[in-house]
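Listed after this line are the structures, all set down as structure tokens.
Okay, so chain A shows up in both of these, paired with chain B first and chain C after.
The block that comes next holds the complex of A and B.
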């Protein structure tokens, strides 16, 4: 066997492995997509070819499932969480990036560390407090605790983006008599805009997919989409066609958002640890 | 406003939010863990009993040790398998080109999927009557044809591990591809010119230079594995019996279903300890770079 042939075989082997991996990765997703367009009967027959129907998407929005309410809750909760988190995080990130603060490293490490505290530890005291002050099963309560998971991400990510903006334009503007606030508003914010958008999308995805807080804090009025999945457990077992339709409603928007920010995806998740 | 004041004003709201949503609940959990802490008994949240909840967990509750065991094995398996598969896939995809970049883009999809939904989809795939994976394993390994995966303690655990690994490989792969890209190409070429085999190049040149990234990946994945809740809840809900009950699930059950919030808080704090250790390691790696 010549070296060239060996190389070709090696290449073909690699391609095969890549295709197998891709297949395994996509199968569960594709399977859900297919099931969402199947009738109840077709799901139970492992059919690959079937007559597609949109019926499931209608059913999940009707009584008794009313997925529309959950969709509304999820959207409001994720959106408001982001609207609160991003400005607060941006101010902090700018300060951390441009100034030396007393106890700066300690603060940054603490912020990073809170990211790793198990959610179940955080939620116990909040449950007790919300029960006492009447915030259980409200969107507001959910938004408040969601800030706990979103803030550290947002601060670290945005700091990373601001670190990458060169200092000289800012300094030139200061020499010309602009105040610090003007500099932030007129120079830093426009330059950091793509980074802020990325961080916002990122936080939106996290808040949208959040599960444990919503499971514990909501039961009727403020139920979000991931918790709504539990609705489709009928007496005769799971209603897979409806479950799949709901699954698509949950994941399709996140797929689109994730693809928009794919360039920064990894960087965002590891908060600059791996570049 | 002078910069000297402004810089503290700017961080104040963020520090307050982090304090209120993370530091306070941690402290309050610690306090609760020292009380009788029954949700249905008013006043018991201020009734202090010292370390009794902790000794109860250690000496009177086999279920606690069961969940420690489950979480431990789960963490070791998921971290190990995810890292190995992700490294392999990263090496396959790193060279780039049309096909490989396309697959890299697809890798983002499983990660944007909510873990709860991953749990649901794996329950679907392993349904004994019409699950695709169930049918597949049955066809490849006939002894598995008639088993009901999620009803068997060992197999249910295996499904949980599979779901976790499936969900995490894509993200770790992307991180490792980033790590591979940052290795100077000339070190690899030099080794190749010297006549080193592909395996030797990988073992002696690539791997040592990838080690810091690999370390971060392993620490990060360990943290997320230890915390696992969503998938387990949707996939097996800790069952059958307590075969897949992770610590997070055990805490949830004791705190929310049985209303023993004091006890749940004490177990939660026991879980924070390994987290602190891992976070410390992680922070060291992150800050060493700066």
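The block that comes next holds the complex of A and C.
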């Protein structure tokens, strides 16, 4: 066997592996896509060809499921979380990146360490606390919880992007006549913009998909989409076609965001100095 | 326009001394070069003047004002950074306009001033581009244009030419010199390149280990070095330094070779300094000292002969038409009018 042949075989082998992996990952999604357009009858058969219907998407918004409310809750909770998380995290990240703070490393490690605590461990104290101050089953409560979840992640991620901005550039702006605030507004924010956008999208996704806290801390008014999925377990068993339609509604923003991220994530990662 | 005065300026990081109790008066409209090997505290000194580094002790005056507690933006200086520090997300126009915009210059004034600055550094056709789309030399000009778009009290330039290739550096050096004589603004220029220092400076401050070794015109630094460090640092090739002694008006190397007459009393341990230019090359027998050649190098514009005297190698500069081979014997004569003596213990110059 020549070296070239060996390389071709190796490439084919790699490609096969990738295809198999992709297939395994995509099967559930494809299944959901098909099921969402099937009738209650068709859904139990593995038919690839059937008469598609949009009926499921209507049903999930009607009584008793009322997915619209959950969609509204999810949107508000995720958006408000991001709107607060990114500016606060940017301030924190800038300070960590540019100033020598007392106990800087300790703080950074502790921020990260909060991520190591399993959610199930702290969910009970949260429940008790929220019950006592009346935050149970409120969107505000969920927003606070989600902020706690995404902030460490956002701070670390944005710090990485700001670290990538050469100090020279900021110092040049200061000598050119900018105050610290002007440096941040005119230089740091525009240069870190792809990074901030990437962080915002990641935070949105995390908040959007958050399940455990929403499950325990809400029951009626503030229920979010992932919890809403549980509604489709009726007396007659699992309503797979409705479940799938709701699943697509949950996933839809993810697809859009994934496309945006693909463009900016790379840009954010490779952004750097002009020497 | 203003003078810059440093009074007992010190910068320490923990135990490490970056700049050690230095005082320096930089005159109005003067082009002062801080020259020294890498790590000697040049950048630190400049950054303290700009306000980017806080002095451990000492005072900095710009014009009539003590600026120690002023933010960089309030010191009215313009700086060219070694890596240029351009704003990658702005066009060249906006890069150059930034100091004007951020200082609240009326909009109508900005465009003509940016265009004039761009013209001075020949960037006019690139104003719409982003820094990424420019070559190193062009970026360097943007940094320069951004500095000259205002008339600050002081220009600060930190090795602005060091990232350019050798050829471009020579061109830009001349342009910089032209520009500086045109603008007539007090300038502090940092470099480790002695040719840049010699060609650009009104005065040079030679630094080593955070201490200014000598302050003087390029002429004084070259022809009247204050100590061994300055003598060895300035000039290419570096000044030859030969250990030996002075006896009966002659300098004698450690292994007893009589090199030249010298106008000095008897001394036991001294170091003789002589530049390659001040050693005349003759045929064997026609000079004072016959010596075999250790290495012969011809650069096209000159020839350099390395010989061994005592325990040291010495370089003599010969005519560009001179052709010799290794181990050929030549006669060398030192020019007695341009010899220097140094005390090996203090490293200071012994004035003859």
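By definition in this document, the second predicted complex is superposed on the first by the 245 of 275 C-alpha atoms of A that agree within 3 Å, B and C clash if a C-alpha of one lies under 4 Å from a C-alpha of the other, contacts with A are read in each partner's own complex, and residues count from 1 in each chain.
Definition applied: a residue touches a chain if its C-beta (ideal position, glycine included) is under 8 Å from a C-beta of that chain, and two chains touch if they have at least 3 such contacts.
This is a predicted model, so every value here is computed, not measured.
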item	value
Superposed partners chain B and chain C on chain A - clash or fit	fit
Which of chain B and chain C A:31 touches, first, second, both or neither	first
Partner chain(s) touched by A:196 [first = chain B, second = chain C, both, neither]	neither
Chain C, chain A and chain B - angle at the middle CA centre, rounded to the nearest 10 degrees	100
Chain touching more of chain A, residue-wise (chain B, chain C)	B
Partner chain(s) touched by A:173 [first = chain B, second = chain C, both, neither]	second
Contacts of A:77 with chain B and chain C, given as first, second, both or neither	neither
Partner chain in contact with A:136 - chain B first, chain C second, else both or neither	neither
Contacts of A:239 with chain B and chain C, given as first, second, both or neither	neither
First, second, both or neither for A:114, with chain B first and chain C second	first
Three-chain overlay, closest Cα atoms of chain B and chain C, distance in Å	9
Shared contact residues on chain A - chain B and chain C	273-275
In the complex with chain A, residue positions of chain C that touch it	50-52, 71-73, 75, 77-79, 81-89, 98-99, 102-103, 131-132, 136, 139, 146, 156, 163
Footprint of chain B on chain A - complex, ascending	14-15, 17-18, 21-22, 24-29, 31-32, 35, 43-46, 88-89, 91-92, 94-96, 98-99, 101, 105, 107, 109-114, 116-128, 144-145, 147-148, 151-152, 155, 180-181, 205, 208-209, 211-212, 215-216, 226, 229, 238, 240, 243-244, 247, 250-251, 254-255, 257-259, 262, 265-267, 269-275
Contact footprint of chain A on chain B as seen in their complex	1, 3, 6-8, 10-11, 13-15, 17-18, 21-26, 28-29, 32, 39, 45, 88-89, 92-93, 99-100, 103, 105-118, 120-125, 127, 129-130, 132, 135, 166, 169-171, 174-175, 178-179, 182, 213, 216-217, 220, 223, 226-227, 229-230, 233-234, 248, 251-252, 255-256, 261, 264-265, 268-269, 271-272, 275-276, 278-279, 282-283, 285-287, 289
List of chain A residues in touch with chain C within their complex	166, 168-169, 171-179, 182, 186-187, 190-191, 273-275
